[in-house]
Each structure stands twice: as structure tokens, then as C-alpha cells.
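The same subunit A turns up in both complexes below, where it pairs with subunit B and then with subunit C.
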Partner chain A sequence: MRARLFCDRDLRAGLAIVAIVAASALASLVFTPFDPNAMDSGHRFALPAWPHLLGTDNFGRDILSRIMVGARFSLIVSLSTVTIGTVFGVLLGMPAGYFGGVVDEVIMRLVDALTSFPGILLALVAVTVLPSGRYTIVAALGVLFVPSFTRIARSGTLQFKDSEFAASARAFGASGFRVMFVHILPNICPQLLSAIVVGLSNAILAESGMSYLGLGIQPPAPSWGRMLAEAQAFLFNSPWGAIAPGLAIMLAVLGFNRLGEGLRKELGL
Partner chain B sequence: MRYLVRRLFTLVLTLFLVSLFTFAAFNVIPGDPVSLILGTEASADRVVVLRTHLGLDQSPGQRYLSWLSLFARGDFGTSIKYSTPVRGLIAGRLPVTLFLALLSFVLTAVISIPLGVYSARKRGSIQDRAIGATMMVFLSMPNFFLGIVFVWLFGLVLKLFTPGGYVDYSTDFTRFFGYIFFPALAIALPNAAVVVKFLRGSAIGELRSDYVRTARAKGASEDRVLYGHVLKNAMIPVIALFGMIVAEIFSGSIIIEQVFSIPGIGRLLISSITSRDFPMVETLVMYISLIVVLANFAVDIVIQLVDPRIKVR
Partner chain C sequence: MSEELGGDILRIRDLRLSIRRQDSYFHAVEGLSLRVGRGEILGLVGESGCGKSLTALSVPALLPEGVERTGGTIIFDGRDISELGPEELRDIRGSQLGMVFQEPMTSLNPLQRIGTQIEESLELHSGLTRAQRREATFDMIAKVGIPKPGLSSSEAANYYPHQLSGGLRQRVMIAMALVCRPKLIIADEPTTALDVTIQAQIFGLLRSINAEIGCAILFISHDLGVVNELCDRVAVMYAGRIVEEGSANNVFIHPVHEYTKGLMGSLPGRARKGQRLVSISGRVPPPGERGQGCAFAPRCGKVREECFLAVPPKIELGPNHSASCVLADAESEMEYVNI
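Then we have the complex of A and B:
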């Protein structure tokens, strides 16, 4: 099983990249080469070299340290965002698929309407109207992921609701909710898992977009999107300042994307 | 015809729900505006006067209906930030965004369709893998990063346009086009990547079908087989994708307008959010989602015309 698991190229590449991103995020808890917020006016716009391995920004802050801490916030926000999407998606999608009829119509039409808003617009509305706090962005982006997880949970439930194990559970007198959450849910976990991993790559993209617009995690916490926005003003003199965080976002997105794709193949979906 | 009626019904339902969401988001969630305006220490009669003035003494249902009828009549209220009617502010910027979106859409189609078909034809070759790898890069690249790279490469290094030097379409259309082309490309490329991936898969599937063998047996050239026979069938699932891409393009333009400092409704939206200009944000949200819902409707009708086999959802 293990030998086969690492056969797939997507899975291998994805795992390796995700491991790098996660390791640097974890490492930033105990160690960064420099204080990510320490300014050093003598070393502004440094190119990658020792001791600043990824150079410095317009305040002379070490870009590598900021990217490492940024990875942590990006992962925290993305993980919580996708968790919200999954939980609400399952809570809405499973009853829609299981009960069908009016329940299905009402839930799915609401979800359809939610999808009619372009993704980022929904997050922007949520950021505007929700009480502002450090993690408002998590709730705002979470809404974005509810529709897709609702659809996945619904179609998975439809697939299993007439299966023998569900029928026998009902024959033993299990309630609808027990059949759904105890018997059917474990069976749709593979679908959910690969959707969660791909969702993480979308969440990282969305989070970086929001923080580029200045609506993400608030300073002084460094975030990849805001690093890009700040570097844009100095693009002419120091394109490097924008390239480094940009590549960090791409790497993380690519990693989760490949991993999700690999998992999908591996799980035979 | 029955399809059209049913689709019209879901269109109306979606529009209703979208307006309900927007109303709820801006008029229910943020809480009581009266205590915001007067503070918590205000006297009871002043609160009552202001509540009546703002129409808050009515039930939420009544408030929704009057809100909707004002919107339908084109009275979107007054911007808090600019103290002028929202309507005029949007009207001046809407054409810019619509043009940007249209150009992005055209670029997406023009780039992705030939590449997708070519990839399917040369499947497994070095060219196919090179295209696949490039598309993978565009898929994992946030559009604003692509935009910043364009500003640097085409603007600062190659000097094909002046970053920040937006020229309005009414002043000089050629220079407007020369400026707007790069942001449109930045919006189009990630979307094109999605279409290439999809179209390649769907075209490879079609290449295995019987009619392809028949066409080849008749002596049709490879180009004729691909563009005359395969593309038509391979495009059907892709057209459905284009409905989603319309929404993606508007999402993209909200951010890309920031990157390139384009005075469209996306930029107006972000600055209104930053200054908490609720009437403005509310109207823009309704506008953008209206456009997207209608565009999706149009795409569904086109699919139906292209392929009547597709059944009513």
C-alpha cells in the first residue's frame, strides 16, 4: 500500500511541496532568521544574499522571515476557512440529498443563489457587514466554500442513501440523522477529503487576494498578499520584493492542488 | 420552449434570492443604525423620530419591498463618501469594467480554444506537456501577482504601456485599448488555463468516437476532422464552463483594477468598502451579481440552442 501510495507523481510532488510550506510555517513558531517586523534602514531592498537569503523589503525587513510567518497565517486562515465550508456544506448537503423533495429544493436553490455572486464579491460583502475583528476574514472566506461542499455532500449522500447498509440501518430503526451522519458520512469522506485539499489551494488564493486588497489579516501580522501590495510601489527599483511572496503563494497553491489531484486519483474518484 | 419557461422561472427566483441576500446582508446583519448614529445615550423620543425617518419602524418585509422598489426605479440612494447619488458615480465607471470584462472574455476564448485543440491533437508530445505545464503555472498564480508581473515586464521593462497612466475611452480609444489590454490578459490567462485543461480532455474523448473514424475514412484532413467535427462536440461541456468564467472574470476585474489603477466599478467597490460607504457597496454588489446572473442565463440559452439534446436541469 505504501509503495503504491507514492507512485503517483502528483501525489509525491504535492506532498513534498505541502511539507515544505507546512514545515516553514511550523518552524516560524520557534525560529526565523530575523525578527519579521524588525526594520533596518541600512539594508533596504537587499537582493537575495547572505544573511538575508531572500533579500529585504522597503523597510529593510527580512523577506524570508516574513514569508515563513506569512505561511503560518495563510495556513491558519485557509484551514479554518475550509473547515467552515466543510461543516456547513455537510450539514446542508446531506439532508438535501437524503430527504430530497422540498428540503432539497429549498437548500439547493439557496446554494445556487449564493453561487450567483462572483466568489470574491461574497467575501467582500461579508467583510463589509460582519463586525470587524482579527479573524473576520475567516468567516468571510468560509461562506465562499459552503456551496461547493454542499454539492459534494449532497451527491455523495444520493449515491449511498439507497445502499444496503443504509437500508439495513433503517430496518433496525435508525433515524434519518443517524443513517446520514453515522452510516453514510464515513463513506463520503474520500470525496470530502480530496475536495478539502483542493479547497485549501483555493483558500490560499482567496486569502492572498483579500490581503492584497488590504482586507485580510490585519497588520502587523505579515501576510503574503499584503507583502505583494506593499512591494508593488517599489516595483521599478526592487521587483524582487514582489516576486518572492508571489512565488510563495504559487508554491503553496500548486502544492495543495497537486496533492488534491493525486489523492483524487489514489482514492479512485 | 418549455425549457425557456423553466429557465426564466429559475432566473427570476435567483434574482429574488440574490436581492434578498443583499438586503439581509446590508440591512439586517450590521445591527441597528440608530444606535450607531445617535450613540447609546440618546433620548427615547429622538430614537423614535429617527427610526420612523429611516423607515425602521416597518417590518423587515415592508422594508425589503420598499428597498426593492427604489432599486427597480433606479434610485440607489446617496453615497456617504461622495455625497452624490450613487447612480451617477456608477454610470461613469460601468463601461470601463464592462469593456475590460468583454476583452478578457474574448482573450480567454481566443487563447484557450486553439491551445486546447492543439494539445488534444498532440497528446503526450513535448508540446502538449509544455502547454500543460504552462497552464498549471497560470492556474496556481494569483491573478494580482500575474498583474504585477505584467506591470513590471510590459510596463516598466518593455515600456509597452505606462503603469498608472490610464487613458479614458472617451479621450483616446486606441490608447485606452493599449492600456486595458494587459489587465485583460492578466484576467484571461488563469481562466484560459481552466478551459484548455477541460477542452483537451473533452476533445481527446471525442477523438475516440466513431464519427471521427468515419470522417478520416472519407479522407478528411486532420484539420477538418478537428475543427469541423471534433471541436463542435468537444465545446459543449466547455460552453457550460464559460458561464462560470463570466463570474470569474468579474471577480478578477475587481482585483486587477486595483493592480493597474483602472477607474472601473471594481476599484469603486474596494474604496467604498474601505470607507464603509454602505449604499454604494450595496448597489455595486447588486449590479455585479445582476450582470453575472444574466450572463449565466444567456450562456444556458446558448447551450440549449447549440445542443438541444441537453435536458432541462
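Then we have the complex of A and C:
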């Protein structure tokens, strides 16, 4: 079983990259080479070299340390975003698929309405409307992920609601909600899982985009998107400040994408 | 127990089940009447598409989408099913009425241990504590004979469905249906997907359960031989109606309706060597293409003109035998004289 699980190339590559990102995020809790917010005017725009392995930015802050802490915030935001999307998606999509009819129509039209706005616009509005806090971004982005998970939960439920084991659960007196959440939900977990992992890569990208626009996690907490935005002005003098967070974003997105794709194949979807 | 029930656990009268297509209705079951006595095993026989399974599903009010009950009454244990709310129906399902389905391979949740699945009915219907439920589950697993030598029932409870063979899975289904000690079990072709040797084991199990717990069984099958082996009484169904009903002996030894006779003639066991098996020509008329007369008339060898005019009424031939055929009277007298 174990040998088979890791033989898929996408899965292995994805797992390795995600492990690196997660490890640096975790490590940042206990150790970073420098204080990520400590300015050092004597070492501005340093090139990658010892002791600043990825150089320093315009304030002389250590880029590697900031990337590590940025990974932590990136993962926290994307995990919570996707969790919101999954929970609400399941709560909306399963009844829509199971009960059909009016319930289905109402829920799915609401979801359609949500998808008809450009995502970034919706998030911008949400950030403006919602009370501002450190994690307002999570709620704003979470809403964007509800429609896709609703559709996945709905189609999975449709697939299993007429299955014989659901019929037999009903014949033993289980209520609709019990059939849904005790019998059908575990069976659609494979679909949800691979969607969750791919959703994480989208969430990382979206979080970076919002931070780049200055709407992400509030300063001084380092974020990949804002590092990119700050380094933009010095792109020609000191490209390192932009290349490092850019690579970090790309790597994380690539990792979760490959992992999701590998899972999809492994789970036979 | 109400008096008019006369000891019947299930009484179906003039049941009509209709399939909705756009704006028209097709009657899959039309005017079916049936009774199952307490502790009795009734076999409901008929070929594919005659409405057996829909009849079975109409009892716990679990008809599939697009099929509706448009007439008749179903009295289960003295209560009219159509007067019960969703809560009361759920309460009956599983606790007083157990169902065993045709496909043991797919009727179990692939992601739950079989012990958990057997326990579910208890969880829903009994006030037992978790420990008591576990114990009842292990008892039931032992009773239906799931453990193999060297395997206790508590170990067997930890199996997932994919680890069991078809026969064992059907035993799990039976355990699920039985665990709350229901008054009636509806078994819809429970052995069709199984090997012949396993079939025999399942019959033995059903019979011993019937004797031990005293629950009635409505056994649905297309296989006359199987029904003959297992049932006290038999009802033969054709095109949505019961055409002949009676004790297994009466029906099998003195079939009256031409359809029953045809079915009996087509049993391989009855033919002599070298003799051709009888087959009934034609096919079952699909719902919507049935005339106003006897549905079997177009295929019947002894058809008369009056057969096409009206559905023949049910005629009592003896204490425990009735048939719906215009020929029933004359012929039956003849045959009973020969006993």
C-alpha cells in the first residue's frame, strides 16, 4: 500500500514541495536566521551571501527570514480560507443535491450569483465592508471558495443519494440529514480532498494577490505578496527582493497543484 | 391489536402505484391486495417488471422518485401507513419493519465497519446504552452466522464490507434488518445475486429466524422453486395484480390460473428427461399497454372472449386458495376431486 501510494510522480513532487514550505513555516515559529522585522541600514540591498542567504531588502531586513514567516501567514490564510469554503460548500451543496427541487434551485442560483462577480472584485468589496482586522482577508477570500465546493459536494451527493446503501439506510429509519452526513459525506471525501488541496494553491495565489494590493495581512507581518509589492520599486537595482518571494509563491502553488493532481489520480477520480 | 386485522401484520388493499411521465400516469401496480399473517412467510412471485419491488418499497413509503401511490390502503400492524407522518414512518422503518435488499454487494456502506452498520438501527430506535448496543450487535452477528471458525463476533464486527463475500454480506444485511426484532421483514430477492449453495444457507437462516424470533417475512422472488422451499403461503403476481394466492401446497400442487400453470411448467425440476420445458409465449405487457380485461389474456392458452372485457374477480377456491380467472370455478372443482 505504502509503496503504491508514493509511486505517482506528481504526488511525490507535490508532497516534497509542500513539505519544504510547511517545514519552513513551522521552523519560523522557533527559529529564523534574523529577526524578520529588524532593519539594518548598513546592509541594504545585500546580495545573497553569508549570513543573508537570500540577501536583504530596502530596509536591510533579511529576506530569507521574511520568506519563512511569510510562508506561515500564507499557509494560515489559505488553510482557513479553504476550510471556510469547504464547510459552507458542504453545508450548502449536500442538501441541494440530496433534496433537489426548490432547495436545489434556491441554493444553486445563489451560488451562481456569487460566481457571476469577478472574484477579486468581490474580495475587495468584502475587505471594505467587513470590519477590518488582521484576518479579514480570510473571510473575504473564503466566500470566493464557497461556490466551487458547493458544486463538488452537490455532484458527489447526487452520485450517492440513490445508491443502494443510502436506500438501505433510509429503510432502517435514518433521516435525510443522517443519510447525508453519516453515509454520503464519507464517500465523497476523496473528491473533496483533492479539491481542497488544489483549492489551497488557488488560495495562496489569491492571498498573495490581495497582499500585493495592500489588502492582505496587515503590516508589519511579512507576506509574500507585499514583499513583492515593496521590492517592485527597486526591481532594476536589486531584483533579489522581488525574485525571492516570487519564487516562493510559485513553488508553493506548484507544490499544492501537483499534490492535488497526484491525489486525484491516486484516488481514481 | 385491532380486531379487524385478524392477526395480520400487513394488509394491502387495492394498492395502485403509478409512474409519472410528464403529464400522464402509468399504473405499474393496479388493484393489488395482499395480506401477511403474523409470523408467516409469504412468497410473492412474479416475473421481472410485474411490480414486485415497487410493492415492497411502498410498504415503508420509500417509493423512488417519479412513482406515487395513487390508490389503496396499506395497513401495517394495525396502522394505516398513509396516515403516518415522516417521523412516525422513520420510527417504524428499521424497528418494526426490516428490509433486505437484492444487492448485498452494494447495499452496505463501503466505508463503515459492519458492526457499526448493524448497530445503526439500534442507535436510531432503541434506548440502549452503547455497551448494550455493542452486545446486541455481537449477538446478532453470531446469530446470522458471520463468524468463521477461529473468529469471534466482536472481531467480525470490525470487518469492512469489501472483506466479506456476497453471502456473508447478505447475512450482514439480514442482521441489520433483524437487530431491532422487527415484526415483519421484507426481503426483495435476497438471494438472486448469490450462488445456489449460499442461497440454501440463507433460506435456512431465514427459516430459523422466522421460527426463533417469530417475525413474519414477505419474501419476494421470481423463482418459484425458491418460494416453494421457503414459504407458507404464496401470492403469484402478474402485471401489477395478484392472480393466484394460497398456501404453498395448494398453489404448487393445484395451480389454477393459466399463468401459474405456465410458471410451474417452466420449472426445470418438474420436466422429465427428454421432455421440452414449457414456456409462456409473448411478454409481460408494459404498464400503459394493458387492456381493460385480464392482463394475461393475450398470452393465455385458454383465453375466451369475456377475458378481454373485464378483469376477472377473485374467486375463493377453498379455505386457503383463491385465483382471479374466469376458468377458476369449473377447473378447480375438477382438480380437487382428483385429490
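Note that the second predicted complex is superposed on the first by the 269 of 269 C-alpha atoms of A that agree within 3 Å, B and C clash if a C-alpha of one lies under 4 Å from a C-alpha of the other, contacts with A are read in each partner's own complex, and residues count from 1 in each chain.
By our rule, a contact is a pair of C-beta atoms (placed from the backbone, for glycine too) under 8 Å apart; a residue touches a chain by one contact, two chains touch by 3 or more.
Given the structure is predicted, the values throughout are model-derived calculations rather than measurements.
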| item | value |
| --- | --- |
| Touched partner set for A:Ser175, first subunit B, second subunit C, both or neither | second |
| Touched partner set for A:Leu228, first subunit B, second subunit C, both or neither | first |
| Touched partner set for A:Ser163, first subunit B, second subunit C, both or neither | second |
| Per-residue touch tally on subunit A - higher for subunit B or for subunit C | B |
| First, second, both or neither for A:Ile137, with subunit B first and subunit C second | neither |
| Touching partner for A:Phe117 - first (subunit B), second (subunit C), both, neither | first |
| Interface residues of subunit A shared between complexes with subunit B and subunit C | none |
| Residues on subunit A engaged by subunit C in the complex (per definition of touch) | 162-165, 167-175, 178, 183, 186-187 |
| Subunit A-facing residues of subunit C, complex | 60, 62, 64, 90-95, 98-99, 101, 103, 106-112, 120-121, 124-125, 173, 176-177 |
| Interface residues, subunit B side, partner subunit A - complex | 10, 13-14, 17-18, 21-22, 25-26, 29-30, 136-137, 139-145, 148-149, 151-152, 156, 163, 247-248, 250-251, 254-255, 258-259, 269-270, 273-274, 276, 278, 281, 285, 288-289, 292-293, 296 |
| Parts of subunit A lying in touch with subunit B, wherever the complex brings them together | 109-110, 112-114, 116-121, 124-130, 201, 205, 208-209, 212-215, 225, 228, 232, 235-236, 239, 242-243, 246, 249-251, 253-254, 257 |
